[in-house]
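Mind looking over this structure? Questions follow.
As written, the chain order gives the labels A, B, C and D, with residue 1 at the start of each chain.
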Amino acid sequence: MPTALQLQEVVADATPLLGGGKVADYIPELAKVPSGKLGIAVCSHRGVVGAGDFEEAFSIQSISKVFALVLAMGLYDEQELWSRVGKEPSGNPFNSLVQLEFERGKPRNPFINAGALVITDMLQSRLSAPKQRMLEMVRELSGNPHIVSDKLVAASEYQHSARNAAIAYLMKSFGNFDNDVDAVLRTYFSHCAIRMSCADLARAFFFLSNKGSGLDHQNRLSEKQNRQVNALLATCGLYDGSGEFAYRVGMPGKSGVGGGIVAVVPGQMSVAVWSPELDPSGNSVAGVAMLEMLSKRLGRSIF
Amino acid sequence: MPTALQLQEVVADATPLLGGGKVADYIPELAKVPSGKLGIAVCSHRGVVGAGDFEEAFSIQSISKVFALVLAMGLYDEQELWSRVGKEPSGNPFNSLVQLEFERGKPRNPFINAGALVITDMLQSRLSAPKQRMLEMVRELSGNPHIVSDKLVAASEYQHSARNAAIAYLMKSFGNFDNDVDAVLRTYFSHCAIRMSCADLARAFFFLSNKGSGLDHQNRLSEKQNRQVNALLATCGLYDGSGEFAYRVGMPGKSGVGGGIVAVVPGQMSVAVWSPELDPSGNSVAGVAMLEMLSKRLGRSIF
Amino acid sequence: MPTALQLQEVVADATPLLGGGKVADYIPELAKVPSGKLGIAVCSHRGVVGAGDFEEAFSIQSISKVFALVLAMGLYDEQELWSRVGKEPSGNPFNSLVQLEFERGKPRNPFINAGALVITDMLQSRLSAPKQRMLEMVRELSGNPHIVSDKLVAASEYQHSARNAAIAYLMKSFGNFDNDVDAVLRTYFSHCAIRMSCADLARAFFFLSNKGSGLDHQNRLSEKQNRQVNALLATCGLYDGSGEFAYRVGMPGKSGVGGGIVAVVPGQMSVAVWSPELDPSGNSVAGVAMLEMLSKRLGRSIF
Amino acid sequence: MPTALQLQEVVADATPLLGGGKVADYIPELAKVPSGKLGIAVCSHRGVVGAGDFEEAFSIQSISKVFALVLAMGLYDEQELWSRVGKEPSGNPFNSLVQLEFERGKPRNPFINAGALVITDMLQSRLSAPKQRMLEMVRELSGNPHIVSDKLVAASEYQHSARNAAIAYLMKSFGNFDNDVDAVLRTYFSHCAIRMSCADLARAFFFLSNKGSGLDHQNRLSEKQNRQVNALLATCGLYDGSGEFAYRVGMPGKSGVGGGIVAVVPGQMSVAVWSPELDPSGNSVAGVAMLEMLSKRLGRSIF
């Protein structure tokens, strides 16, 4: 496990990268985030260490897709789940409809928008209060009962949801979407708008480095399911930058357009980084760099 | 490391899967292979163990793409190499031209046909006898000086090379192909037609589980390069079945339409399996199953 | 102008084709139509002649796209209109989203679903009661005040509108859709569900063969606009069967999945045919055949 | 038929458009053409009138695709011919491979490169000297025995033929290409490199406005075939600008990247224009404009 000093060096060495990306601006609320933030936190059995802005909460956005998948894996059996969403990298931007039409409404994987919308549709079918249930899970996993979803961000995303609505209706036209599109979109944006800090996220993802068992000693996934989620993160977690991320960092991970990235070293630790400026694939520029440094300096690539 | 007995059990348990796939028949020479073959071999510092038809040579086909990449990594610096071929999963069948046209002649990764053709073009530019150099490398890596390329198979592939020629000419039209297409195709097919057994392949790939250093103690790759190759294998090694392979097996790997698959457990061992019947993605049905059993029984997933 | 006898022969000669296509069944209300219908009507300055079921009303479906375009050409100037929708054949099925995404939300032409949805969106912006205005226009053009839109059909289409909703939301995400998607879909389906007979349609389309001036002597289009609409019908009127239709029939035309087709011989006459069984491109099998016979026997190809 | 004075006015009115396009420069020989040329010629039963540079020969390029189709229609029956090439507009740039792969090697129509390459392959199969036969035909049709193919241009195109080779090999991989790719490419480029003037072209295309019968009173096509060719020209003749051309000009036509365009008014006359600067679709800017003026001033739209 890295020391606080090592993490501070990582933050310092990533600072010159600020200014090299672009804060997500497709919704006004996200564009308001100050661009100069940098944070990193690592969680192992021995607890959490962090550096920089690691205790400041931000919008987790697509990182919530991992929580949603984990929830769904507890509600559906393997065959049901994977009949509705695939396990392959998409090779396309995160919100493309082209592939979805060719593949007749079955999204490539649960970590692109289409896949997460199907997963949310499945949660909506089995849970009476999916927004609340998600919040409960992230609070339990992180040990932070104060985590909330930002209603302004969720509302702002809903105001700009035309493309996600297009994706959902396209899946509905192929029979792969059961609930009211509007209701599912509201749940989906509520999940995306959850605010967590790097410290929260590192704690919350610890279970994926620990055979499915969280800091609260609850089993969230079986060992096999845990390996499966990590495998999906390794091949599909960073949109169409997943290969580059594996090449440079070598850890299963998931990014969000809020600038956060979580990564997992199986058997050892979970990591969360944050910096709001994004590269053209939608991944945090300084975030990827911090993970690359960590991987190189600690030899934590899984490859 | 598994025992010979464990491997024999794996072979026995995979035997009922025979008949569930289809031997590659797009070239007559490959279609002649008896479909009922099953072999597995594992190589670690302690040597090789195997079971089934693990000492019978077969056509390695696309597994040669890994050797070609490793050769090219020794001849070109990182920036030169990756300016001509990408690092992302393709999300498409191995021989599709659609993506290649949209992405203006730069193939997605070195393990689809387009990428391997560019790599072969690069070898052709820097090596005076690329076919012979490849043979020398696989002989050294495997310690078997009798490895040859099957001229009948290479000739048969050349007779049916229209699609690969189309791919090469399309890249040429975008300025990403330097040599005579015909000459490069002949080298490419010579590489594909190399015949090796599971034992040969397990030995030859040991370096990827050993920080780039082979059984002959030669350094083929730096530690960093070795991690990079393993990362690419994990995300792109099994065509559009790479995600499923990561989910089920959890090892970086590469398949060939001859029915062979190699896989790597970094720091521990290399594995080679063979069974000629393929699934619709072009990967060996029983081969994937044997690797899945091995992974489950020995806990060798990297995730 | 053909005689009633000639038209009866056309109907007789097309009768053996019944059974060779498939009635549209994507919405239950349309699937109820008896498949054995055959009608043809021709309108010139001298009036209307018809044969077969030419006085029986049916769902005009996509034929309404022509009326919608004509309405929009009266409300918007040329530049405004064609900045939002193109003039090129699509080369794709009528409801594909792929091209729409590549071309950033601008539909290929006004006669595919995406294009007609944009046109309807434009009507919605400028007309207080677009459904009623459309009915008024077709009643005036055909001289039949009893024409109505079938509320059951419109409601049934609305119940199965997921793909059209996906198309509309995708255009909205690119900024090419102004009004509430739901409201526009209701208007669109109301237009599609208008019921007219071949006699009604032949009369209503007479203006396109008469320099824009209808049987009621109202100028619907300028001469130039009229040529433009006919040109668009000739290149884009039959979805991805437009080239085949030009090759076989040689008249600008528009088909609907209700089995109707209208065609225009500029300067001479308008024709409407009806037979509910469709070919795989969504065009009436016997309808195309009747127009082909008419074209061959009367020499009415424009080519 | 227009007078020489009317054509001079057309040329004068098009002159300000010079400088608004770009001379084709993908092969060096074509880029040498002086960009300021403007010519127009019209041919009817009464002979030829012309204006501007109408007697200066230029590279006909893709206009040769019409001659090739006409030759093939005389050598193959309808079913054979259209089993290998389609009749629909492509909706894509003239040299795209995407559609060709999706449609399994059958080109959309004979006027895109893929289609013309298949047609040339068919000519190669049935003619002992296809280059010479083509020259004979255009000499007979135009009454000009001095027409030649420019060997420098043909050689220059062959030097830059990678994309056309890719297209040909892709069709070969689907079984839709019989002869040696290299030999067919040489024939194809020889056809493209034929040099004709507007006067030559207007005479040579007169047969398409005259029920298939040329100025030499030879029947090149039956009446029905003639209508079919004109229908294909109307829907597919100007690549992905065919709809716009029909909208603005309203005549079946065919363009070439040498800057020439031919157009047909069935029953009346043939027109040829020339100006080397092209729009982004590869069609002559001033050429389209001259045809639009002619159409507007003489009322010669077929719609």
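As a working rule, a contact is a pair of C-beta atoms (placed from the backbone, for glycine too) under 8 Å apart; a residue touches a chain by one contact, two chains touch by 3 or more.
Just so you know, these numbers come straight off a predicted model, no measurement behind them.
A.B. asks: Among all chains, whose Cα centre is located farthest from the one for chain D?
C.D. replies: The chain lying farthest from chain D is A.
A.B. asks: What whole-Å value do you get for the distance between chain C and chain D if each is reduced to the mean of its CA atoms?
C.D. replies: That pair's centroid distance is 32 Å.
A.B. asks: Roughly how far is chain A from chain D, centre to centre by C-alpha average, rounded to an integer in Å?
C.D. replies: 55
A.B. asks: Based only on mean CA positions, could you tell me how far chain B sits from chain D in angstrom?
C.D. replies: Each chain reduced to its C-alpha mean, chain B and chain D end up 47 Å apart.
A.B. asks: What are the residues of chain B that contact at least two other chains?
C.D. replies: Not one residue of chain B touches more than one other chain, so the list is empty.
A.B. asks: Can you name every chain pair that touches?
C.D. replies: Pairs of chains that touch one another: A-B, A-C, B-D, C-D.
A.B. asks: Name, in rising order, each residue of chain A that touches chain C in their complex.
C.D. replies: Result: residues 96-98, 101-102, 162-163, 165-170, 172-173, 177, 181 of chain A touch chain C.
A.B. asks: Report the residues of chain A in contact with chain B in the complex, numbered from low to high.
C.D. replies: Of all residues in chain A, those touching chain B are 86-92, 99, 108-109, 224, 226-228, 230-232, 234-236, 240-244, 246-247, 250, 252, 266, 296, 301-303.
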